[in-house]
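Structure incoming, see below.
Think of it as A, B, C and D in the order they're written, each chain with its own count starting at 1.
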C-alpha cells in the first residue's frame, strides 16, 4: 500500500514537474509548479523529513509560488521569443538532459553500499544543547555558522530586491497592491486570520526546538499573514526607510551575531553556547529570527518600493 | 602524498579567531549599515574594510611566521559535524589582496556613492556599500572555509552581492545582463550543490581534508567531481560559459566592475583550485585536466580576439577578463599529480601570480576605463582621443595595467606567464605554451590599440571634463602594484606552498 | 659604472614621466638630445674590450662588453644628434609631448638592450625598443601612417612571441643556470631543443632586422612617419635585433649547419635588398632596402662566425654596425632637409658616406668589411659578399639620383642640415679609431694597395653598372614598398581579419543562452565520461 | 521498490526535465521556474541520501535535512532577486527577455 502510494507520488512529481516545464502558458506553469511544491512536501514526509516538508510547503511552494504568480501576472503579455530554436536543437537538448538524468539515476545502483550517516553523532551530542529536535540541533548548534550566513543571504536578497527600485521611488512603500479596490472576502480574511496565524507562528517557533518547526516556518506563517494584510489593503506596507522596519529586519541577525560573539567570552569559541544556557539562548535567537524572517520574507514578496502615487 | 595537496589541520590554532573576524566583522558592518538606515555608511564601510585589511595582514604574517596554516573550529564542533575555517598560504595571500582591492575600490567610489545631504540615505549608496561589504565577507569565507556546504552558501552570498552591483545603474541592458548573470550563476551553483550532495552520500562528510583522506575513485565520486567542477566553471565564466560576464561587468559602476572582475570571478576559481588540489588530488587525471586547459586556451584566444574587436572600452576590458581567466586553468594540467615538485611548484606559483597580478591590473584598468568614460562622457574606443592631454594619469594607469596583461616585464603578468610557460615547455605541452604566447601578443594588440587612441588628438567637438586627482591615483596605484610584482624573483614562492605537501 | 647603466635606462623614463607636468613639458622636449648622454659616456668607457657585469637582487643582470659597447656608443651618438634635431623640429608643433613620450620610451629600450645581461631584462628592453615605435611612426599621420605603424607593431609582437618562446626554452633546458644570458647560451648546444631555439632566435630577431623574406614591414615602416623618427628607428632600434642575434647565438661553438643556413639567409637578404631597392622610387624605401641588404650582410657574417665557431664574429659585426647606425640615420636625416636645396657638396658627402656600405676605400664602411674579411674568406662566400657590394653601389647611386631629382617634398619636414652632416662625418673617424681595438691589427693595414684594390673593385664595378643602366635608360619595374613582403602582409591582414570575424561570430553564437547552457550540459557529460574512461580505478 | 530508490529516480528525472527546460525555454520566468525545479530535484536527492542514513532511531540523517532547509532558503532568495530583476526589466524594456538585442553594440 505504501509502496503503491510512493509510486503514484513519484510519477505525479515527474508528471506535474514536467508539465510545469513544458506548459505554454506561463500562469499555468506557475500554478502547476505550486501544486508540484505541495506534492513535494508530501514526498518529504515520506522521506521522514517533517522539518523539510514544512519548509518546502512554506517557502519552496508557498512563498516562491506567490512570487512567481505575481511575476507571471505582470509579464503575461510577453510573447517575444528572440531566439528561435530549431527542432534539432530541441532534440539535442533533450538528449543531453536525458543523459544527465540517466547518469544520475544510474548512481542509485552504484552508490557505495554502506549508507553513511551522521545521525548517531548528532544524537550523541544533542543533549549538550538541550534541544529535542535533531534538525534544529544541526541548524542552531553544529552548523549554526551556515545558518548565520543564511540570514546574511536573506538580508542581501532584500538588498538585491531593493536595488531594483527607481531612484525617485526610494524610501517609498513596497508596491504590493494587487487589488486597488477593497475586496470584501479578502478584507474579512485579512482581519480574522492574522491573530490565529500569529499564535500559530509563535507556537511553531517555540516548538521548533523539540519537534519539527522553527523560526523559518514560524516566520513564513507570520509573513503570510502580513502579506495578506498588505494585499487586502487593510494596512499599508511601511516605508522602506522606516527606522522601525529596519530594526525589525536586523534584530534577528544582530541577536544571532551577539550570541555568536558571546561564545568568544564563554566557553571560548565563536558560536559556542555557554554550558547550560544553550536552549534559552537558542530560543531567544529563534524568536528574534522569526520576527526578522517574517519581515524580510514579506518585503521580498512585496518587491522594491514604489512611488506613493504609483498605480 | 601528492605534490601541493593540503595538509590536514583539525584543531584551532593560535590566531585562528582572526579567520572568524575576517568573515564576520564585515557582516556585522553590513547588518549595521542596513539597521542604521545609511547613517554614516561610508565611515562604517571604510572602518570595516580597514579592519579586514588588518586581519588579513595579521593572518598572512602569522601564516608566514609559523610556516603552517591557521585553523578555527567554529563553535568547537569538529568535522564532520561542524565547520572549520582554515587559512593556508594561498588563503592568506588572497585575503590580503582582496582587502587591499576592496579598500581601493571603496575609496574610489567614495564620492560616487555619497549619501545625499539632508536625506538619511539614497538607494545607490545603501545598495552599493551593503553589496561591497557582503562581497568582502563572502570572499573571505571562500578563501578560508573548508566545509563544502558552507562554501556553497559562500558562493551564493557572493553572487547575490554581485548582482545588485551589476544592476545598480538600472538600464534595460544592465538589468538584462544582471538577470542573465543571476540565472546562469544559480544554475552553476545547483550543479555544484548536487556534486556535494553526492559526496555527502558517499562519504558522510563535507570537510575538505576529511574527504581527501577517504576518497575512492568510484562512480559517485567521479560524477560528483564533474558536477562540482562544471558548476564552478559556470560561476567563473570560463569560456564558453562566459555569456554573462562581459555585459554584467561592463554595465556596473567603475568601482563595482573593478571588484567584480578583479575578485568576484576569482572566488569560484579559488574554490575550483581548492577542490582539485585539496579535495580531489587523486582524481587529477590528465584527460579531464586537459579538457579544462582546452577551455582555458579557448578562453585566451577567443576572449582576446573578441576584445580586439570591441568598440566600447568597458566591454573590451571585460572580454580581456574572459581571456585572462583562461590562463589560470593551465595550472590543472601543468601541475599534474605525478609532477616533480619543482615543475608543479612553478606552475602553482605562476597560476597564483596570474590570479593576483590580474586582480590588481584589472582593478586598475576598470577604474581607468571608468575615469576615461567620465572625462569623455562616453567610452567609444574610436573617440578616446585627447585623454592623454586631459588626464595623463588615467592613460598611465591603463598602460601599466596593460603591461601586466600583455605579460611584458617587469610586471606580475610577465612573471605569471613566464612561469606557466616554463612549466608548459618543461613538460612538453607545446600547444598550451603556444597559446600562452599568442595570448600575450593578442593582449598587446588590444592594449596598444586603445593606448594609441588615447594618445591621439581629441575628436572635433569633444568636450573633456576634468576628474579628481585622487581617483586617478587610486587607479594608478592598483595598476602599479601589478607592475611592481614583476620585481619578485622568477622562482616558486614558498609562501604559496605553506600548508601543503611538497 | 652601475649607476651609469641605471642612469642610461632610467633617465629617459624619468624624463617621460616629467612629461606629465604641462609646465615641464617644453623643457623635456628641448632636452631630448641630452637623454642619451649617459649611454655615450658608458660606451666610451668600454669600447676597448673590457667586460663588466652587474647583478641585482631579483637576478637582473647588466653586462657591458665590447659588442654591446660599440653599438651602444654609435646608437647613443645617433640618438643625441637626432634628439637635438627633433627638439628643433618639434618647437611650436602640436602634440610634441606625445612625440617626446614615444621617443624617450624607444630611446630607453633601444640603448638598454645593448647592456641587458639576463633574459628578462633583455626581453623587457627589447620590447621597449620595439613597441613604442608605433607612436613615432603614426605621429600626426593619416591612415597610411597608422597602417605602417600597425604593421610594424604586429611584426614586433610576433617577433616578441617567438623570442619569448626561445628564451623560455633556453631557461627550461638549462636547469640551475639562472637567468643570465651567458651561461644559458653556453648550455644551449647541449640542449635537446638546440635546433628549435636557434630557429626561433633567428626568425624572431630576423624579423627585427628585416631578413628576407621577413622584411616586408621595413620599407612600409620607414616610408611613413617623421624622418627624424625614421632616422633613429632605422639607425638605432634595428640594431636591437642584431644584438639579439649576437647574444643568443652560441658563437663560440662551431655549428656548421645552423651557421650555414644563417649565412645563406643573410646573403640572400643582402642581394635581395640591393636588387629590389632598385625598383623603388621613394628615397626612403630605397634606404629601407639598403638596410635590408646591410643587415643581411651582418647576419651572414654572424652565420659564418657560427659555422666556424668564431666567437669574435660578434665584435666584428658590432663594429661593422657602428657605421651603419650613423650613416643610415644620417641619410634619413638628410632626407628631412629636402625642403631646402641640397647643395652639390652635400650630395657628394652623402654619396661618399653611403658608398661606405659598399666598402669604398677610406670610409669607415671599408674598415668594417676588412674586419670580417677573415670570416668570409672562402671562395664562394667572398664572391657573394663582393656581389652584394656591387649591388650596394648601384643602390646608392640610385638613391643619390632620386634625391637629386626629387621634387620638393610635399610636406617638407625641415631639419637642420647640421644634424645629418654631423652624423655622417662622425662615422668614419670613429671607425678608424676603433679598428685597432676591435681587430688587433693596425688601421694602416687598410691602406695597403692590395687591400685597397680588393675593396675598390666592387665599387668600381657597381659604379660602371649603375652608369651603364642609367645610360641605357633601363627601366626597372616599379614595385610597391615591401614587394612580396607587402603582399604577404596584405594577405595576412585579410586572413587575420577574416579569422577574427569568424572567431567573433563563433563567440556570439557561444554566448547565446541556449548554446551556453547546452555546452555546459555537454561539458558535464564529457567530463564525467572522460573521468570514468581514463580516470583512476 | 523502496521509497529510497523511487524518489531517487524521480529526483533524477526532475533534474533532467529542468535541465531541458532551462536550455530551451526562452522566457526568463520559465528559466527561473526550471531552476527552482532543478533545485527541488537536487534537494529531493539529498533527502533520499538522508533517508538512506536513517539510523540511531531517527527516520533520516538530520544533517542533510538541515542543509536542505538552508538550501531552500537560499534558493528562495535567488528567486526573489530574479523576480524583482525580471519585473524591473519588464517595465524598462516592455518585455522581459535575456536574449541580446540584434545590435548588441551601439
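Side notes on the structure shown:
Rule of thumb we're sticking to: a contact is a pair of C-beta atoms (placed from the backbone, for glycine too) under 8 Å apart; a residue touches a chain by one contact, two chains touch by 3 or more.
These figures come from a predicted structure and were not determined experimentally.
Distance from the centre of chain A peaks at C, each centre being the average of the chain's Cα atoms.
Chain B has the Cα centre that lies closest to the mean of all protein Cα atoms in view.
Top-ranked chain pair, ordered by C-beta pairs in contact, is A-D.
Per-chain Cα centroids separate chain B from chain D by 27 Å. Averaged C-alpha coordinates give centres for chain A and chain B that are 31 Å from one another.
If you average the Cα atoms of chain B and of chain C, the two centres end up 41 Å apart. Spacing of chain A relative to chain D, judged by their CA centroids, is 13 angstrom. Residue positions 81, 149, 153, 156, 160, 163, 167, 170, 175, 180, 187, 194, 200-201, 204, 219, 223 of chain B each touch two or more of the other chains. Looking at chain C, residues 512-514, 517-518, 521, 524, 528 sit in touch with two or more other chains. Residue positions 83, 85, 89, 93, 96-97, 100, 103-104, 107, 111, 116-118, 122, 142-143, 146, 150, 153, 156-157, 160, 164 of chain A each touch two or more of the other chains.
Of all the residues in chain B, the ones that touch chain D in their complex are 81, 149, 152-153, 156, 159-160, 163, 167, 170-172, 175-176, 178-180, 182-183, 186-187, 190, 193-194, 197, 200-201, 204, 247, 310-312, 315. Of all the residues in chain B, the ones that touch chain C in their complex are 180, 184, 187-188, 191, 217, 219, 222-223, 225-227, 229-230, 233-234, 239-243, 246, 282-283, 285-288, 291, 295, 301-302, 305-306, 308-309, 388-389, 392-393, 396, 408-410, 414, 418, 421-422, 425-426, 433-434, 437-438, 440-441, 444-445, 448, 452, 455, 457, 487-490.
Of all residues in chain B, those touching chain A in their complex are 12, 17, 20, 24, 27-28, 30-32, 34-37, 72-77, 80-83, 119-124, 126-127, 130-131, 134, 137, 141, 149-150, 153-154, 156-157, 160-161, 163-164, 167-168, 170, 175, 194, 198, 200-204, 216, 218-220, 223. On chain C, the positions that touch chain D within their shared complex are 512-514, 517-518, 521. Residues 15, 22, 28, 31-32, 35, 38-39, 42, 45-46, 49, 52-53, 63-64, 67, 70-71, 74-75, 77-78, 81-82, 85-86, 88-89, 92-93, 96-98, 100, 105-106 of chain D touch chain B in their complex.
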